[in-house]
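Below you'll find the structures, each written out as structure tokens.
Shared between the two complexes below is chain A, which has chain B as its partner in the first and chain C in the second.
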Partner chain A sequence: MTNWQILWDARDQFWSGFLSTMEIFGLSISAAFLIGCVMLFMLEGTRPRLALPLRIFIDGMRMLPFLMLAYVLYYGLPTFGIRLNAWWAGVGALAVYHGCYFAEIFRGSRLTFPPGQIEAAKAHGFTKGKMFLRLILPQIVMQTRPLIGNQLIYALKDTAFLVIITVRELTAAANNLSGTYFIPTEAFIVVIGFYWAVSIVMEIIIKQCGRFSAKRGFDHV
Partner chain B sequence: MSETTLPETAAVSIRQLSKSFDGVEVLRDVNLEVAKGEVVTILGSSGSGKSTLLRCINWLEQPDRGSIHIAGQRIGVDDAGRPMPVKTLARVRARTGMVFQSFNLWPHLNVLHNVTEAPIHVLGKSKREAEEHARALLEKVGMSHKADAYPNTLSGGQKQRVAIARALAMQPEVMLFDEPTSALDPELVGEVLAVIKDLSAEGYTMVIVTHEMAFARAVSDQVVFLEKGLIIERADPETFFTNASTERVRKFLERES
Partner chain C sequence: MNTSAWHMLLEGAWTTVWISGVSIAIGVVAGLLIALIRLARIPIVDQLLVLYVSLARATPLVTLTLFIFLSAPTFGINLNRNVTGILALTLNTTAFNAEIWRSAFRNFSREQREAAMAVGMTPWITFRRIMLPQLVVTSLPGLVNEMSFLIKGSPAIAVIGIVDLTRVTNRISAVTYEPLPPILAACALYMLAIGCLVWLQRLAERRANRLAV
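The block that comes next holds the complex of A and B.
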């Protein structure tokens, strides 16, 4: 039996690992996106008592290796009586970590948002919340589309770290098989193929979304 | 409502308005009444405070002293002199329509949705009603053929006409124009001025800051001239342009013509 044959026979393990990875990724990146939007809103206007701690938190997260955060949530929190299972610790860590990245991406774009548009919104009777949801956020998302695509790929790759806190995902499946049959090269090549495939599909989707924003003059595809 | 009510006729009533930026007084005790249906143009050299005055009317600038009433309702502060709650301020602002020098359309929305956005999400109109009204207004400003276009595909004059329709859609008590043609190529100025002229003929109340003298003369009921934050001349357009009482205004007009 060749090594590839062994892997083919174990395809169920890969498949369930892949589904698990996609589930973790889908859930955490959606949460991260929401967290980014909420943080951006909280940074709106002049509320230094809120903005300063939030900026410190965002920067603190961005300057932290993701693995450390996963470790702290999984191994560290029980010290304080909070016990998350590995799966939730992983999803939570990804959501918060990449939420901070999203917040920073959005904040950068918000800094160059045309003030005249804000004035027009005020003059037309918009209050802060609606102005943010209807006028600011949609434009920021269109403006930062390429960066969002990049962040999706980062987040997908970060899911692989969760093998270290015992989450049973795609990399864990490869790890497992390579350990059992001692065929690390082939097992990891398969997994790399999975990560590449998902990333390429995401790239294509994000690129297609560019047409939507290009029509509105946001970028040129 | 506890706000002081003023005679029905005043669309805008400005009393003893003062404003300074970093210790420089840009408005000094300005008084101005704009009657319902009246067109007032504000002239003056740049830095005279005319844009600031206009922007105080809908509280985009906050004056230091004095009061402004929009159709009898005070804007910005309540009777006790405290800042208005933001929701109340937004409601009063919605009673004014503003047209900016740089258009400030929302680029992610097409022309129709630029016009319906505030009526739906601020005034709470139904989508159908707002769109019907918007199409009528776009027709009025000659932009109905571009209802589905996005702002980035329009010329400056077209953008400004859409911006006018967007402001009109709020059915405001007063329309405020802040140098509406200053950012336009000379050949596009005419189409925007023509729209504003039509509005004046229809009886809209308007306050216009402009550098277009012939236009001001044709469209105004009242012309005021600001100099260093003071209104130094106010007159009907004929008197203003042919027989101004101050030397400063006569000089200004000479240079502009």
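The block that comes next holds the complex of A and C.
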């Protein structure tokens, strides 16, 4: 059991890798959520000329592997004189990529949104922005929470791709440790355990949200 | 980009396509097998499969690929890069496919199964003649969707040095010092491949809906 002893002594590296992954994940997923909401608002139809290019952009992103977008930001942008370091390129790529997925999830749910509510809100004198913020967005977010949960797990898994553009995160930590001490099996089992634990926690949180939204009457519209 | 760069790019695309294709083929069949075994509810095997599906769905592909590639030699197994890549992609996609097949099984109409039993079909013939043809049609949209996810995840195999469509852009830009054109060309190729799959999925969905009516 000396291998596990070595890993226990190197626990700081795992921990900092884990924190780094969570930092990237938390920051980019919050940004992605905002991007998704903003895109949904822009698709609302306030500016019809904006809707079509946006739809094309969203569909294009959905046909692209995540790593390609990270490549564009990390290797491609310096051509235009914009130099991002690997960390920011990774966070930016994750935010834009998953923002598009969020927008698509929201859009799908928006199509089945009852039009009567919107007419009622208009009759009560809600402005477009207020109606979106108070009425449409909360219901759509609550209705799509299983899909959002799925997307969060995909986003967590996509953070591991960033090891290819040299971001130091959880998978990179395992890779370094297995290179230093030559104990790849144990190091990667620990890391997979970390990812597994995080996705289970996310699933539990999503379920709890379900209880909350049932209490607030989001589910039986 | 000159001709040799395009040639390299297409070679990378071919690597991506054949490795993904092999993984998809194995993954669809293995997923069906796992779904069947889970339906049988064999005590310990069932729990193990639940654990496998849960783990495989939570593990990032890059981590899985590195794990297999680095730890297989410590058990005395020598895998070359391509086999490792196929194994990692297959392990990942099988878990998702198993869930798709399983939900199709659970939604299969009880009346048809009872009717088959009533006319004296053995379970195997019921499965082969009645269930499987319909299950294929109903689960095809989900399976094709999973295929496009697999292709989107396939750049993970670049981490162990397989020169796929993603990594080949680095090779080309190392010669030409212009990273953007090969990356954009690779993006276009990926969009073409995944666009085809999305189109196929729509076709499959239409067929599945026609069957449901």
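In the analysis below, the second predicted complex is superposed on the first by the 211 of 221 C-alpha atoms of A that agree within 3 Å, B and C clash if a C-alpha of one lies under 4 Å from a C-alpha of the other, contacts with A are read in each partner's own complex, and residues count from 1 in each chain.
The definition used in the following text is that a residue touches a chain if its C-beta (ideal position, glycine included) is under 8 Å from a C-beta of that chain, and two chains touch if they have at least 3 such contacts.
As the structure is a prediction and not an experimental result, all values here were calculated from the model.
Participant: Between chain B and chain C, positioned on chain A by superposition, is the outcome a clash or a fit?
Facilitator: They fit side by side.
Participant: A:75 contacts which: chain B (first), chain C (second), both, neither?
Facilitator: Touch partner of A:75: chain C, not chain B.
Participant: Once both structures sit on chain A, report the angle chain B, chain A, chain C from C-alpha centres, rounded to the nearest 10 degrees.
Facilitator: Computed angle, apex chain A: 110 degrees.
Participant: Which partner chains sit in contact with A:163 here, chain B, chain C, both or neither? Use first/second/both/neither.
Facilitator: Touch partner of A:163: chain C, not chain B.
Participant: Which partner, chain B or chain C, touches the larger number of chain A residues?
Facilitator: C
Participant: On the A-aligned overlay, A:26 touches which partner chain: chain B = first, chain C = second, or both, or neither?
Facilitator: A:26 sits against neither chain B nor chain C.
Participant: Using the touch definition from the top, say if A:45 reaches chain B (first), chain C (second), both or neither.
Facilitator: The answer is neither, since A:45 touches no partner chain.
Participant: After superposition on the shared chain, which partner residues are touched by A:171: those of chain B (first), chain C (second), both, or neither?
Facilitator: Second partner only.
Participant: Shortest C-alpha to C-alpha distance from chain B to chain C once the two structures are superposed, in angstrom?
Facilitator: In this superposition, no C-alpha atom of chain B lies closer than 29 Å to one of chain C.
Participant: Once the complexes are superposed, what residues of chain A are shared between the chain B interface and the chain C interface?
Facilitator: none
Participant: Where on chain A does chain C make contact in their complex?
Facilitator: Contacts found on chain A: 60, 63-68, 71-72, 75-76, 78-79, 153, 156-161, 163-164, 170-171, 174-175, 178, 182, 184-185, 188-189, 191-192, 195-196, 198-200.
Participant: Can you tell me which positions in chain A touch chain B when the two form their complex?
Facilitator: Per the stated touch rule, the residues are 114, 116-117, 119-128, 130, 134-135, 138-139, 142, 213, 215-218.
Participant: In their complex, what parts of chain B are in touch with chain A?
Facilitator: Residues of chain B touching chain A: 58, 60, 86-87, 90-91, 93-94, 96-98, 100, 102-108, 117-118, 121-123, 150-153, 163, 166-167, 170, 176.
Participant: Per the contact definition, I'd like the list of chain C residues that touch chain A in the complex.
Facilitator: Within the complex, chain C contacts chain A at residues 54-55, 57-64, 66-67, 70-71, 74-75, 151-156, 158-159, 166, 169-170, 173, 178-180, 183-184, 186-187, 190-191, 194-195, 198.
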